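Structures given as structure tokens follow.
In the two complexes below, chain A is the common chain; its partner is chain B in one and chain C in the other.
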Partner chain A sequence: MNDPGRKTILWVIATLALAMLPQLVSMPLAVALIAVAPLAWRIGSERSGWKPLPALVRHGATIAGLAILFVSYGDLAGRRAAVSLLSVMLSLKMIECYRIRDARLVVSFSLFLCATQFLFGQGILMPVYGGVTVILALVTLTQLQRSEAWSHEGPAPAVRASITSEIGFSLRLLALAVPICMALFILFPRLANPLWGIPDTTLDSKTGLSDSMSPGSIQDLFMDDSPAFRVEFAGAIPSTDQLYWRGPVFWRFDGRTWEGSFYFKNIEATSVPDLSGNTWEYSVQLEPNERNWLFALDYPATTPPDTRLTLDYQLIRSQPVIQLTPYSIVSSPDFVDMPELTGPLRLQALDLPEGRNPRTQQLIRQWRRETPGDKAFIQRVLQHFNNEPFRYSLNAPFLGVHSVDDFLFDTRTGFCEHYASSFAVMMRMAGIPARIVTGYQGGWFNALGDYLLVRQSDAHAWTEVWLQGSGWTRVDPTAAVSPQRVESGSLSALGTPRHVLDYAWVRGVRNSVDIVQQRWNDWVIKYGAGQQARLFAPLGLGEMTPPMLVGVLAVAILVFSAVVFPIVMRIKGPSSKDPVQKTWQKFLKRLRLAGYRARPSDGAMELADSASRFLPAVSGPIHEIADLYNRSRYAMEPPPLAQFKQAVRVFRPNKNRA
Partner chain B sequence: MNSTVISAPENPENPENRHERLIEARAAVNDILLGKDQQVSLAFCCLLARGHLLIEDVPGVGKTTLAHALARVIGSDYQRIQFTSDLLPADILGVSIYKREKDEFEFHPGPIFSQVILADEVNRATPKTQSALLEGMAEGQVTIENETHVLPSPFFVMATQNPLDLVGTYPLPDSQLDRFLLSFSLGYPDPTAERELLTTEDRAHVLDRTTSLLTPGDVKALQDDCEKVHVSENLLDYIQALLQETRDERWFETGLSPRAGLALLRASRALAFLDDRDFVTPEDVKTVFNGLARHRLSPTSGFSQSPDEQIQELLGQVPIP
Partner chain C sequence: MTSITSLATEASTAGQRFDDWVLERVRQRRGPTELPLAFEYRHIYVMPTRFGFWFGILLALTVLGGLNFNNNMSLMLGFLLAAIAQLTTLLAYRNLAGLRVEAIRATPVFAGEEACFRVLVRNPEHRTRFAIEAVSPESRDCRDIAAQNTVPLALKQLSFERGWMPMEPFRLENRYPLGLFRAWAVIIPKAQCLVYPRPATNPPPLPKTGRGDHGAAHPGEGEHFHGLREFQQGDPLRRIAWRTSARHQKLYSRVMESPSEEACELNWYLMGSGDAEEKLSILTAWVLRAERRKIPYSLEMPGAALPTDLGDDHRDACLEILALHAS
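Moving on to the complex of A and B:
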């Protein structure tokens, strides 16, 4: 009595398992085990008929679960810990879930558990996952409802509804909920600043460029195809060799690692490009990366809010980027960065650790004697990279203490960071001020969405040298070795694929499909308090205050309910009809559309007789169909179903009547 | 009243077309009894389902004619027993009379030893006499003075009772009404049929001219054929739904018994067979349902509707699954 029944319990377990799945992956092993064990026990219990566990064991398991959670997370306050607590408790509920009421509770909380995923990720796959979970939960709730309806008359009869009709039913219910969901999404007042503390990390963000550069640091990014940011240009897109997305700038070199300087990071830019000349205007959607840099083309003339422009033209945000961050920038490519280099800066830009790379030092001294001019010297170094057998490759060998020596004379294999680093060191040895700029280079233009997609694998490092007259000037030594890198992207420059699926066409498809994610970001994730306030601006209504939004929302929901409620009342449960009945219903529907309403207590022939009186023109087909139906349903040897279906398919009472 | 024990000659000629001859026989009866197609079909249906028929009607609407015509076309012998309040069981069953020359009792079978019997105004006899007939109908045999006599086969009783004439009658109790498979009233003929009746020759002459189209052997074979008619699960669902509905107390005092359910199935099969189908449809069930239920069910008190109306309404309430 009031027992959900074995099959339904398995549905409940499936719902809970699906809702828990993404959490499970990121739980500590012990927690994951205790979250799964009760489900496993319950499945075994349903299959082999194990008895319910005694209360002592159940309480013990609960206490043990709490203890493991506490030990694993330290406390239960964080997001991850709280969601794990919910998962574990719901899972433990399954060992005492023997009533429909309890099962329904578990399914409802599974939906809540599923919703908590949005605290961790808001990518395009999240709504898909959420949708699947909701459908499964609805199917399960339908089963529970059915069990309950029969709970006073013993076990529910086996419903012959196919899984497609069950899912169809859930989809119809879901479709009815969509308008309300949209209204809530669009109109429910949003806060410009959340009431509760912003979590310091978003768990699904990819770490982008770091605040230092040592051999191998960019190499890791190379393997990562996740998007770094997307850019929409207001005008034409600059040519690829101009698409240097400026990020962290490094001045200090300790022989191995390049680092920024706290000092420089906190000095504001002394002059900002004016907007009179040639400019590029674009807006960027930066994916969360837990760093403070915003990326821009050289040289940013405007500064997004909450961001400062440093002396070396890095855009540094006061808060790390932990959610999709849109910003707009205007860049001026013709700006001269720092026509005069002051003393302390020059010192910084020439500083090298003592006693490193003697072979390089010797070589530079010799070249410098032969080539005194700065520009000619730079050209000579680039020539060297170009003429000597340097290779652009991901499999760069390990470099020792004299990393530049090793690279220049021995390994001669590496990629952007090796070239940039070596080049900068060589410049400083020759007395030319130099610094490293990291960021991204290039991007993939999505013609469909008219935007540029920059992936983590587009990460790049290049060099800037200070020259009298032209100020800080970008020199990309990688381009000297592998011009392809700059022209067609980092991945094309590599001869060999990075992994099994790394082919140009796969990348092409991935880049094209990215538009879905971009649209999702554009329409859903980006939608915030600002957009909401301007929602009715096109209607000339000005800024909406939260009370106004609530008012509109209430009206929208009332109107929607008035429309949808009658539909909800008419919606039918999953049908358990066999194909003959289904076809017959179709026939009855056609009759109904023609104006004839059949009585459910009429036999097929009675119906045919009275329908023929109403529609004499189609009397023949009506009788034929009724006869086929009777034979299909009651005769020992029914006629082929196809014949019946065909007869109904060609039955068009409306046309014949006219 | 004379009596004859019939062992009609088996007629092996042309056993194959017996169904056609059955249809012809029905048409012949329809010719005699004008405008009563449905009742004639039900009468045949009752015969094929090995049941007995109860006709509730006023005198003079053709009950005797129907019984006579039916007996004629199926080639059976026919007896009419007029029930009166002084009729005794022996008058129906027969008596043993002492024969002095043989020095023994000799059994003289009563009119019940016939294949088709019209028991006229059955409710005017005393319960004792009624039960003599009804027991024979139920058992297919009668026991007189410790001797069992098997009744002929086929054995088909048509009983009539006059619903209006309540003075000096003994209405049949429910348990005995259950012995009748179907019941109906013939009712007055419609105007066309009545005009034809008035203008054409006497029906008695037509009846005299009618020859037998079937033999008792054929009838038995047809009865066997009926039982082979297919009944699907879906149809059983419907029959059960109907039976269940009659047991709802908002309709009737008591619902239909399982025996009535079996009878419904038998009658539906027979009707499907008459219609030359090898499977039963819900329409068959609906057609026979009224005849089957009207004498078995009494409406819940407080209803002004007649049983017929109640049953029609009930049929309209049960959807065909």
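Moving on to the complex of A and C:
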């Protein structure tokens, strides 16, 4: 037989569906459909008794699934694509899963799938997801084991345990495993260096700022409320208008898109701020984004390990950030970036595509004649943004080839990237070197946790102009249009909610609750080889080496086992709901009330004989009940349960005796 | 016939070779199992199942990936599942420990039929034992054993020749609760099953040399009421005369009868010379036929003889003589 049974198959499907859920949300629609369809078919098949699909259809479905995956993802080397492939294959397995072995395979790989989901996020809801998946898997495996034990005799006997008691049993098992799991987690030696790295080509779920900027690119991030990073300051916290978190810097403009140049990304900074003046000291927990930038306030004076500081003060990490990455930095705000601008750099910072934006060109020429001083000219442009009816809005209309012309004279509606881009172009037209800096601006200060939370929606773009004497100087044209953007954040600057749930109080609650995530990150997610080595430092012990850790681990497991094992030995299995046994117990209770004590060693017939001797008046019914019990238990064709119950119900030994 | 045959049924895989090795060890260390036997820790072995083995590899991969990417949540998931797996070894052990194999019984069969050994397993404790399996080379059975209950696990074994057939070694095992580990105990039983000769398929007619008491009714199985007698162990319940019993505060069984016509004599020496086993087969078939037709019969064999009679007891006694005939 080896048939898992209908109820169990539904449990297998539930386990797989839950394990797949986070992946499903991130899949392209077509892939999500092909991942769900086999499960839906199988549920329908179990409910309505549809026949198994012929091999041709099954193989066809597999090939179609692979094709859709390939078309949707381009190639299957990426991590997201690979995990989607695993999900779809497991799902397709369900249309041909008719053996216990296959069902177990699906459940085991569902647990593996669950583990892969943590590569994409270890947020505070993920432990809940993992825990529930494990519970489902345990219940399913328990049922599969039962089906297997009875597989040669047909289906397992009717449900003896309720679902709640099975879940309860799994919960107890889980709870008892926690101490040993914790010991392993804390003491199992970690790798200081990975055995193998992730090739860049497998990273396909990049989030956050990108390595180019075109109209709309930051606007997309604006809808994303996930945390970008969290910052704890060692000393004073800079004022909000100082919180410009520097990320990718762009020099090259093709008329529409701003890009960094390979050349500038790879030249190291020639001078590094010294730490003598005014400094900010802070540590950052960067959420994984699969990009290489670290974010810092202007200007980073220290460089975290595995990171280089470029000529335009970007911090570029050698490996993409694929997990929560902590780093500490000291920034010096008063540093003068590049007092002298040399030939090639100046050329690059003034370069513009030919024959674009003639109207702007004309305007700038005119203004430049009227205002020859650089600083005064900058003020004039900012005033123009401020006085004319420019609007800060998400609903920026499409811009044509002459994008700056369209924006300045026609649409006058845009997001920070529109302002920064136009401003930089105008500066370059006027002969003032300019570049674009993207990053994040502001953040939400969590007073309870004493840290600053920066979300993706805080993404921002501003410009830097080079001025004789002060070097590269930050100018934020968005602030001229919407000072609120800089003072109280992008969301309040906008005025209208982004979606139905977007209210200030909702955002407030979310920001406050973020402290749970921050603590989880601090205590669990960040834990690694370094913390492990210093584990017993507070006790005055030095660095722990892996052999020492293994020794402590062995002792810890022994100690925990000494505590846990006796509890395990008393743990109850799923409780019995066997009605025959219940009725029999009722019968024994009646006998007890009549004064007869049954010997626990007696079987039903022996008990009937000895009870008959004790209560001869009811010897007939006693034998009848014992016979019914034995037949209900062991006979090939047991008597109806109602008959047994009725016989016990009318059995009143104490009355008859009187 | 006394040699220990292996428990392996198919081509021997690593798992089966291991089972055989354990069996051999148990045989050398402790010899045949004395019943009743209560399982203690030294009787019980625990090993991962095939599924448990692959599950372990998957866990190792999860942990390795978690270590490599320093992904603490996948590590924690791997460790949690490993800890759970470790606990299930204990649960599988505990599900078996303390069970008592009380006795093994088998009703006689005819050669070529499947004998059914009933292994009586008692759970003396106050908790249910889940999915306890009995596994022999030829058959398996599975039962839940409720608290303080005795349950027969039936193991079938094909019989080949008449005589006493020893029961083959078997295991009591379970993979509770997740199927990752198997806990088992080996039993090398002394139990044997009586195998009657195979009844000849086309025997000659019954030798009706009637010399018994013609016409007398023979008590035993039948449709007609013969009388009452005090209840004895083994009397079918439906024969109990409840009303009479209630009146006398003592159990009475009804005795039935069927009328008899003639008698026949089944005599080894009158069957001429031929193959001994063939003669035994024919005699067996005659016993069964006479019994079916309610013709009283007597049996005479070298070294044993039974007077004319009829009934299950008589039949069983005759068949036993035939089964154990030394040729």
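Quick notes on this one:
We adopt the following convention: the second predicted complex is superposed on the first by the 398 of 658 C-alpha atoms of A that agree within 3 Å, B and C clash if a C-alpha of one lies under 4 Å from a C-alpha of the other, contacts with A are read in each partner's own complex, and residues count from 1 in each chain.
Everything below uses one rule, namely that a contact is a pair of C-beta atoms (placed from the backbone, for glycine too) under 8 Å apart; a residue touches a chain by one contact, two chains touch by 3 or more.
Since the structure is predicted, the reported quantities are computational estimates derived from the model, not experimental observations.
In the superposed model, A:Trp466 lies in contact with neither chain B nor chain C. More residues of chain A lie in touch with C than with the remaining chain of the pair chain B and chain C. By the touch criterion defined above, A:Arg599 lies against chain B but remains apart from chain C after alignment on the C-alpha atoms of chain A. Applying the stated contact rule after C-alpha superposition, one finds that A:Leu111 touches chain C and leaves chain B untouched. Once the two complexes are overlaid on the shared chain, A:Glu148 sits against chain C while remaining clear of chain B.
After overlaying the two complexes on the shared chain, residue contacts for A:Tyr634 are found with chain B and with chain C alike. The interface of chain A with chain B overlaps its interface with chain C at residues 600-601, 603, 634.
Remark: chain C residues 51, 54-55, 58, 61-84, 86-88, 90-91, 94, 122, 124, 127-128, 130-131, 133, 140-142, 144, 146, 148-150, 152, 174-180, 237, 240, 242, 245-246, 249, 251 touch chain A in the complex.
Every residue of chain A that touches chain B in the complex is listed here, in rising order: 599-606, 630-631, 633-636.
Contact residues on chain A toward chain C in their complex (touch as defined above): 101, 104, 108-109, 111-112, 114-116, 118-119, 122, 126-127, 130, 134, 138, 141-142, 144-146, 148-150, 152-153, 157, 160, 169, 173-174, 176-181, 184-185, 188, 190-191, 194-196, 198, 322-323, 524-525, 527-529, 564-565, 568-569, 571-574, 576, 578, 581, 600-601, 603, 612, 616, 619-620, 623, 627, 634.
Across the interface of their complex, chain A is touched by residues 230-232, 234-235, 278-283, 286, 315-320 of chain B.
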